[in-house]
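Multiple structures follow.
Heads up, the next two complexes both have subunit A, just with different partners, subunit B and then subunit C.
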Partner chain A sequence: MPDIRLDAITRRFGQQVAVDNLSMTFDEWTVTCLLGPSGCGKTTLMRMIAGLETPTSGRIFFGEREVTHLPPRKRNIGMVFQYPVMYPTLTVRENIALPLDNNAGLDAKTCQARIDEVLNILQLGAVANRYIDQLDAGTRQKVAVARAVARQTDIILFDEPTTNVEVNAKLQLVRAFKEVAQRMRQTIIYVTHDQTEAMTLADQIALMRSGAIVQCDKPRALYNHPTTEFGGWFLGSPGMNFITAAVKGGRIEAPLFPAPIAAPSGIAEGEITLGLRPEALRLQAAPGAGTVPAVIEDISITIGGRYLFRLGIGGISVKVKHAGGAVSGLEMRRGATAHLECPPAQIAFFLKGQRVAAAAG
Partner chain B sequence: MSNLRQTLYHALLWLISLLFFSPVAWLMLSSFKGRNDILAVPAKLVFTPTLDNYVQLFERNGFLQQLLNSFIMSVAAVIVAVVVSFLAAFCFSRFKPKGTDFLMFLLLSVRMLPGTAVILPVYLMYVAFGWKDSHAALTLFYAMFSIPFSVWILKGFIDGVSLRFDETGLVNGASWWHVIFRVVLPQVRPGLIAAFIFNMIFVWNEFLFDYIIGGRKTANVPVALATGAYADGGVDWAFVSTLSTVYLLPPIIAIYVFQRYLLVGMTFGTVRGEV
Partner chain C sequence: MQSNRSGSPASRGLLAAMHPTGQAGLTARFFALLNDRRFLPLMLLTPVLVFFIIWNTIPLLWLLGLSFQKYSLTSGDDPAFTGFANYLEILGNSSVWQDLSRTFVWVFLSVVLQTGLGVALGFLFWGSHKLPGRRIALTLLFAPMVLTPVATGTFFRLIYDPTFGILNQVIRAIGLPSVDFLGQSSTAFWAVLAVDTWMWTPFLMLMTLAALGSVPKAELEAAEVDQLPWHQRLRLIILHHGKFILMLGVLLRTIDSFKTMDLVLQMTKGGPGSTTNLVALTLYRQSFESFNLGWSSALAVILLLISIAFTSIFIFVLNLKRRGDAA
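Our next item is the complex of A and B:
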């Protein structure tokens, strides 16, 4: 079982650089999600790993084997696309069996055993003898996954497999992927632009932007400690608040704080960007220690009955996510005054888009 | 549209169709008439049908060979052409080699050349190679003439097959061979049949090249018709009508059977299917 090693991979399409001098190792038996906005090069990167695109320069290794110029068939990979393509004249079982039958090294008994195993894992037993036309999009996608998994390749690639599936089926599908990932020992790369999916599935998330991997870390670490402003903005719903503040004599002044707070050590005088998660900010009805008054500009309700506030404080605007029902004692209307506390321990500091230090404490 | 108007339209259409069909009908009827009935004035619509003309035709020296030549050369040439064209079209459609657009344009313009423009150099070349009056050489020439049009038709069809099919095949361990013949080919079957029929009709109707670079051994039906039409100091109408009827039947049957695909072939490229 090999890992996947990318060595200074670049892919250009004419003038446009899709993947820019990227080096990376995806460990064996892990699930890595490539996450990023549209056009960041994640799909191109995956297609190069699959062998559907050839890198303009750089090399790709599976374990010790260099595969840069091998056709997909010789790479021992499986791949699932956005749109599942199947033989409409064959049943689900036959569709899964077809790639196995073309693999000369397998006897009929092993084939059947493998098919039964994947049908079982993906709970496709009930539809095994149906034709593809009779299935909905989510189930078709499951069959595509089953077909790829049954071949027991070293590596499985998923290219936004849930994009064309409706919401309920999507959750089921993601659960099925998770099941597959846990039962089969395969190195999995999963491309998505949906961060919830990435958070659910991944052992590690590689966050991509403009053809480069910005940060690669465990989901929680990536969320809690983004190394770039982009990471803080892209992850989370909504992403971080960014506030520009001035550093003077080792202290930072901003309308968010009743008194200046200590700047992280080694920061020169000048401007700094503060990153604040909307869920880290606390809102209360009465003034308290460390709070500042703020005017409610907007209130909306998000998933799980959480309230999302937009507050104005001295010319800046911040988003605050409040867990649990309404804030006790607070007038829940636009124009009302609330009191906002910003725990200094939760602040991330960025200089020119890069994180400079953890909170000063 | 009112019923009466529709009936009138249909009647008019039928009238025009019959008018255009009447020479063909006269020819076909003549093949069942005795020699005296054929040229009777006014034309006889009621006569005693006879199969004498057909018996004479098939007993004629060399006729069976000529009919066989037509069949064998058209089928062989078209099979070669469709196989070569399908692979070429797949390459143009999928790998898009440099200059694909120019090559496609060139292919089409070659097809526009009238046969008479190339007959002299082709004749000299065939004589120099010693290929005159050879079945294989004529078949090769007809295949060459059929390829451009077939590539055009088939490229349109293959372009209509989404790349997703190829890619899904490839990443699931299929070879190019499998992708080309088991994944793409079944989806362009109407195109293959259309290309087959269109070229078949072209080769079946071909006279000039068979007459010039063919010979006694390879003469086809059109050549037989041209060379046998005059006998005893006049046109042998019994022979002409009988041979023409025999000659017309295979294309009519083929078109009737495959008309569905021919319509697809004529409108190829105008509608692209996506998954």
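Our next item is the complex of A and C:
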């Protein structure tokens, strides 16, 4: 049972707490991405799973086996590092073969078959007999992946493997990871700060912040239903708009709505934060039902050709990502007036950073 | 199109811009020369070259010239050209051959001992980042290296002293007869070698630490995760990255060890008999005690050639290895 269970793991570096009392189970044969901004503790967490760091307190289990204090070599894991590691003076094929040769239980034929298989999956056949200094960073990283995969360990860890790879090679690498993950039955943990990568690869994403896992869910669910303001802000490009609004008598009044909308049940008075995905807001040239007038403050274009608007409405500013090309009939310039619709069903409500259930109806 | 020697403004450079070529005269010419791409490197090198020629090349040529002459300050005769007579005399001199072979044994033993101990200590300190007192221990270990050999020699002569030296007091305390370490031919060589090792092991430890510091951490971590046995980690990763610095350390120590003179002079003056007489000491005595300038110059040239041979062998080996890696 190669699942990975973390039991109240804490890791301190002097005064700083890198991982804070974290408990979590990574199910067998799943790909989990640890996603979060720099310094959130995701790499430290992975290094503790690998055995390259020891937790200050707490325990780590691989299946039923406790591994908390075992050195990496006794944990039987594969790992791909941020810096593409190839053993120098060896060819690509020799690099992949090296850890296999040390495995007494394997005969030469099985070794060769495994090597050929990973060379094939990662499309490394053409460079199999090359040396390290003849390869670019992307290919070296693929070799590192091949070496980890060929050992067929139950667990493979990836520590931001695309960081030192150029953009074009990055896409190819991520595709290769996906292929590997689908072919091999392994429990994979993948650390990244790149949400696109996490979205592409993961069965589930564990979103981390300040040494804790904020939310762990399937990529789509994480995107659609962030449980915290941080989740809404961190995922998405750009992240959610957050607007603080007053609640009066169970109704929310904000410049975004032509008429007050229902507040979540149980909240009658006070302040609430509304989270709005830029892609959920609709923009049109003419006024319509549910729209409010807004002034275009800025227009830019995003990857994928979508327009990103910044609009000013009654003293607040919101980002709107408009699907398709230009808005028909709209004057695409700063200072022009557009009409914005904010569908109440698409709003996420947050109180003190935590999500609260939307109003019924 | 007419070609213009001063070139376009863009090619004239900063200094030319500061000193318009319109001004005739020496200064302008000088700056024009500075701006010429062919002369600039040469002019930048000039100060170093001047010093190198004055302090290095001229003395070397002088030495070479002296080595072909019969020239003794004590005889009162004028120097006389004798061709290869000095060289032939040295090559036929059995005492020089004895000194040379003793020196080779000295170099071999000191380099092997110091490299072995230095590398071992280097690995020990490399693996002990968290040990308390590591910094103090390192500082203490480096201390011998910064002492002058004369001070070290004096200091150890006191330690080795047969009557009041601390070493013999310890020996007597455990009930053994005292030993005149520097005064008897069976122990003198080893006693001096021990001091040389005490002095220079830290240097190789330092080089080992530098070599180990150049090994990428990620490769070692990958090897650990990949379950590579220690000998593969040593060969494929540690030696691969560290060997150049380590070999450089061994080379420097070899050349330096070949020149050992001050320590021996201070401790034993080459004795008893000639048991600790290294060839550099012979050279010193012939030139500064017997004033046989011609003869000792010839010996100096021979020693220089031997040093060059050492260096060439090391460089050749290193280059071979490098070429092997690139293949």
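The working rule: the second predicted complex is superposed on the first by the 356 of 361 C-alpha atoms of A that agree within 3 Å, B and C clash if a C-alpha of one lies under 4 Å from a C-alpha of the other, contacts with A are read in each partner's own complex, and residues count from 1 in each chain.
The rule we apply is simple: contacts are C-beta pairs under 8 Å (C-beta built on N, C-alpha and C of every residue); 3 or more make two chains touch, one makes a residue touch a chain.
Nothing here was measured: the structure is a model prediction, and the numbers come from that model.
Trainee: Looking at the overlay, what does A:Glu64 touch: subunit B (first), subunit C (second), both, or neither?
Mentor: In the superposition, A:Glu64 touches no partner, neither subunit B nor subunit C.
Trainee: Per the contact definition in the header, classify A:Tyr131: touching subunit B only (first), subunit C only (second), both, or neither.
Mentor: Only subunit C is touched by A:Tyr131; subunit B is not.
Trainee: May I ask you to name which of subunit B and subunit C touches more residues of subunit A?
Mentor: C
Trainee: Answer with first, second, both or neither: which of subunit B and subunit C does A:Val85 touch in the superposed model?
Mentor: A:Val85 contacts both subunit B and subunit C.
Trainee: Could you tell me if A:Asp107 is touching subunit B, subunit C, both of them or neither one (first, second, both, neither)?
Mentor: In the superposed model, A:Asp107 contacts neither subunit B nor subunit C.
Trainee: Find the residues of subunit A that appear in the contact set with subunit B and again in the contact set with subunit C.
Mentor: 50, 52, 71-73, 77-79, 81, 83, 85, 99, 102-103, 144, 147-148, 151
Trainee: Note which residues of subunit A are touching subunit B in the complex, please.
Mentor: Within the complex, subunit A contacts subunit B at residues 50-52, 71-73, 77-79, 81, 83-85, 99, 102-103, 144, 147-148, 151, 157.
Trainee: Over in the complex, which subunit A residues touch subunit C? Could you list them?
Mentor: The touching residues are 50, 52, 71-73, 76-79, 81-83, 85, 87-90, 98-99, 102-103, 131, 133, 144, 147-148, 151.
Trainee: Going by the contact rule at the top, pick out the subunit C residues touching subunit A in the complex.
Mentor: Answer in residue numbers: 216, 218-219, 221-229, 232, 236-237, 240-241, 324-327.
Trainee: List the residues on subunit B that touch subunit A in their complex, please.
Mentor: So the residues of subunit B touching subunit A come out as 162, 164-165, 167-168, 170-176, 178, 275.
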